[in-house]
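Notes for the one structure printed next.
Chains: A, B, C and D, in written order; residue numbering restarts at 1 for each.
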């Protein structure tokens, strides 16, 4: 089955006086492949690191213009949750993704979306089949996760089943659309079922596509949650590609994002106490702190300490 | 297959001094069945018609307190798009609905949602099979709609196919979850596939459920679009049940909603001209107006006039 | 008092393959003066008319690509409230405006804002004094409007008072900031009051400034309400300048906006009935229709008819 | 000047089966005074701690119903940024506050607001004059803050000036509204200036009032930023009263909020390194870490350590 992609007319070179990111221009419109049939590509963007600084300085007025370097200001803004200057940048993606991934994605409401409509058009025969090494068993520690073990023989059978069912369902989908009536062992073509009904028989691993536009602040919020190891693998790798795009687009913001968001750690009131006591070489008695066993374990791992 | 519904502990009678709608209290928590397995029930609400008036009067100050009756004020606010007082009321539903309906629904972003997670729990064997009279063919006038005709024999075969496939896929789903390995023509149970992967093999006609909370202004926006005849039947009937709930909850607002929203008609600049000319008994020459054939036809139908 | 404007470094010419509006590029960064000290200027934008079409076609899929011209599609989308494709364009303004105008403006929540902070920096001595022909009396028909009459002598005194008070209050503001203590009829300079407190003594006609970023759909919603004759004059003229910018930026959308939004008219259920009856040459008896005197009067004016 | 408050008719006792907080019912509608003329009062609410649990369990499905206690689940949700269940509760306040406080407040966009309109009604003669101990000088360490020192004599003069100017401006406001013409040293009453213009002459320390409705998640976001010591005092004390209301309304959530939000501390990537090295008794050389002097100082204070 040949991939059919909605073609976006490649824009010619224009002259502009808008803030322009030359690194991002280089990959504009280019498809970055993800999973077996998915992709991300950047369609448009507004602003650069400098636009954040510019917006912040309106909010601070003139006095501080020379006081701070751009990098320092961006780090200060991000670490102190002054989020509005980051909302001044915007990016627009064209994304092809399995429907079950789209269902998680859309829960982030502060973005603009235009999705391909299967009421309006027929879906392509493109579905997601996990690679062998992604076919994990239910995690025993994480109620919503997967482990990386599964009997190989069973994994192969599972993969085959997903492949076979997905193909069979597409045949049925087409027969429904074409009104193929099974008449004495022969198909007779007639008036078919409405697209808006036929589509409901396809499984959640089929691909859809959309335009997704978001401001930089909300993009980083999305990435913090979805490029995280607790996110489902199939959305995680989309998020990871977007982190790479972030790095090209706004390198100073990307650096601050890594330091103050994705690699940061939030200490609760009780965790603060325990770390403080440990730093003061006090003897730690776990039961003196209002922390669950999971929270205590997490502290031990994060700080490489032993709490007895 | 017995329906398993997440039970909501029925709250005992409480005393409250909050604004209370006695008509809505009567149906609180009760399931209103929709489609073959779906339902809506009201879980909670905030405010009544009087709360809208009250909020509006804060913004208008004391001077006007006696100037308007509640009903008149609500009609004035709604017809003049003073939307903020309607945002002061809120309602929370528990809804069970097919996934393809949920996908349309969620596009209304100004609401709060908690959905049942199939990463976390196993889905029930509940799927939507359209009634015979809903199995329509693709509409020839509406690219996203269905007509109400279809060869009965084909419709029956389509219905059977949807039923059979949905059942087969649930069996496969359970086998994937349970690690049932087909070994020499016999199943051997082992460690199963993670829930977050197994669920991706189910089709879009399976039911999901969620809590959905929305303010009155955004609810009416949703209802205007989804209780409309252009909406897909399967979301329309949810919306229609909600219109009935609206009527119980805020009867004055409901009445204004019917008059100024759902049964209103927006005349474009050019349509205004044509109606005005017609009222002045001028001879109408269609080509003098910047209207598409579809727009002209719509005017003829709406106003029961002939434009030659 | 010389105007001090936060300077935005004019970006050099860049090459870009992004969608580019050459008409908008010509006025980028340029201040369009409004009122006595205010202005609007476009700082950045994303997308053109073509971007709307492009986004809509992802949602419609490939099938319809040749069926519609861009103009027709944009008109169809706008008139049928398919709003999401218009959310795919974005524009960013730098605006200087009186605080009381900013207070109305900010009620439109679906936008991004960075305001000049008077906690952080000292405000300039710039305040709004209405022109003589703007000094109207309270409207007798519109509880929130002004008429265009006022005794000229009184208007002049009012204008003088506003000027004088605004100047006096700025002197006091500076004295508070500088800690000028009146000691035996002479000022002694000392440690001054914190900016965040001193600013609270200035009146609402002082100017503030902000960056305001909004998508095209929400911009049109703002313009429909604020470029309307019922809006306060001082916000109306900002909106009117923005309508001119809209025309340069997205000419096809602008045209559809005029036809289907700003010059359209919404007929309620009852108003529909009356127009229909009138078109059928029925005798109209006002009391047969559930319309208020104001609604009846509005119909008479809009359609140039007589309802007896 | 006697305080005039928009009276809200006290609702009688109703019976309800909605989730009800008996502690919050006790203070419903009651004014909690703030500053010299301001107040907060709770007008309505939806949901309790149990509603959060209930909503979360829909999202988790049935499986976990007995696994966790309510308290543990709420703490888990809050600490892991599962924010949607908290959006299922809603609260509505009636608030009287100085305009400059309202201007900061409104920047939180995810809330519903109905404000008293000074285009529509005349403002009361109520303005904010800071207490002597609040009249601080500009902070030298915080560009947007105040210190707690100021020459007492100057502070008294500042206070008198604010009082005197506020009164004088209200007289002028009334004269503008009443058309009082100063004619040869005598006032002649005539047609006055429109309210929408007259109001622009009043200073930012005048009181306004509004209904403000927000969900629990966004309320906590507001409180984390505004009940913080870096917020301006005059908004902080509103936020502090709301934290007390939070405690009455949803005690389990309040407790988790204190532990995981308001009293928590976010360690950046580099700060993590330094704490970890310190815990491992490594010798710390400040310059080895990518932290600003301010960040290093903050760490020393927070953890009571010495970094040389």
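The working rule: a contact is a pair of C-beta atoms (placed from the backbone, for glycine too) under 8 Å apart; a residue touches a chain by one contact, two chains touch by 3 or more.
All values reported here derive from a predicted model rather than from experimental measurement.
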Which of C-D and B-C has more C-beta contact pairs:
C-D
Since chain A and chain D are copies that touch, is their contact same (over half of the numbers shared) or different (under half)?
same
In whole angstrom, how far does the Cα centroid of chain B sit from the Cα centroid of chain D?
36
Provide the C-alpha centroid distance between chain B and chain C, rounded to the nearest whole angstrom.
33
What is the distance, in whole Å, between the centres of chain C and chain D, each centre taken as the mean of its C-alpha atoms?
28
Touching two or more other chains - residue numbers and ranges from chain A
60, 63-64, 84, 107, 113, 115, 117, 120, 143
Given the complex with chain C, which residues does chain D contribute to the contact?
98-100, 103, 106-107, 109-110, 113, 115, 117, 119-120, 128, 130, 134-139, 143-147, 149-151, 153-154, 157-158, 161-162, 165-166, 169, 172, 176-177, 179, 181-183, 190-197, 199-205, 232
Touching chain D in the complex, chain A uses residues 60, 63-64, 72, 75, 79, 81, 84, 107, 143, 225, 258-260, 263-270, 272, 275-276, 278-280, 290, 292, 295, 302-305
Given the complex with chain C, which residues does chain A contribute to the contact?
4, 6, 8-20, 22, 25, 28-29, 43-47, 51, 54-64, 84-85, 87-88, 90, 92, 94, 112-118, 120-122, 209-211, 213, 215
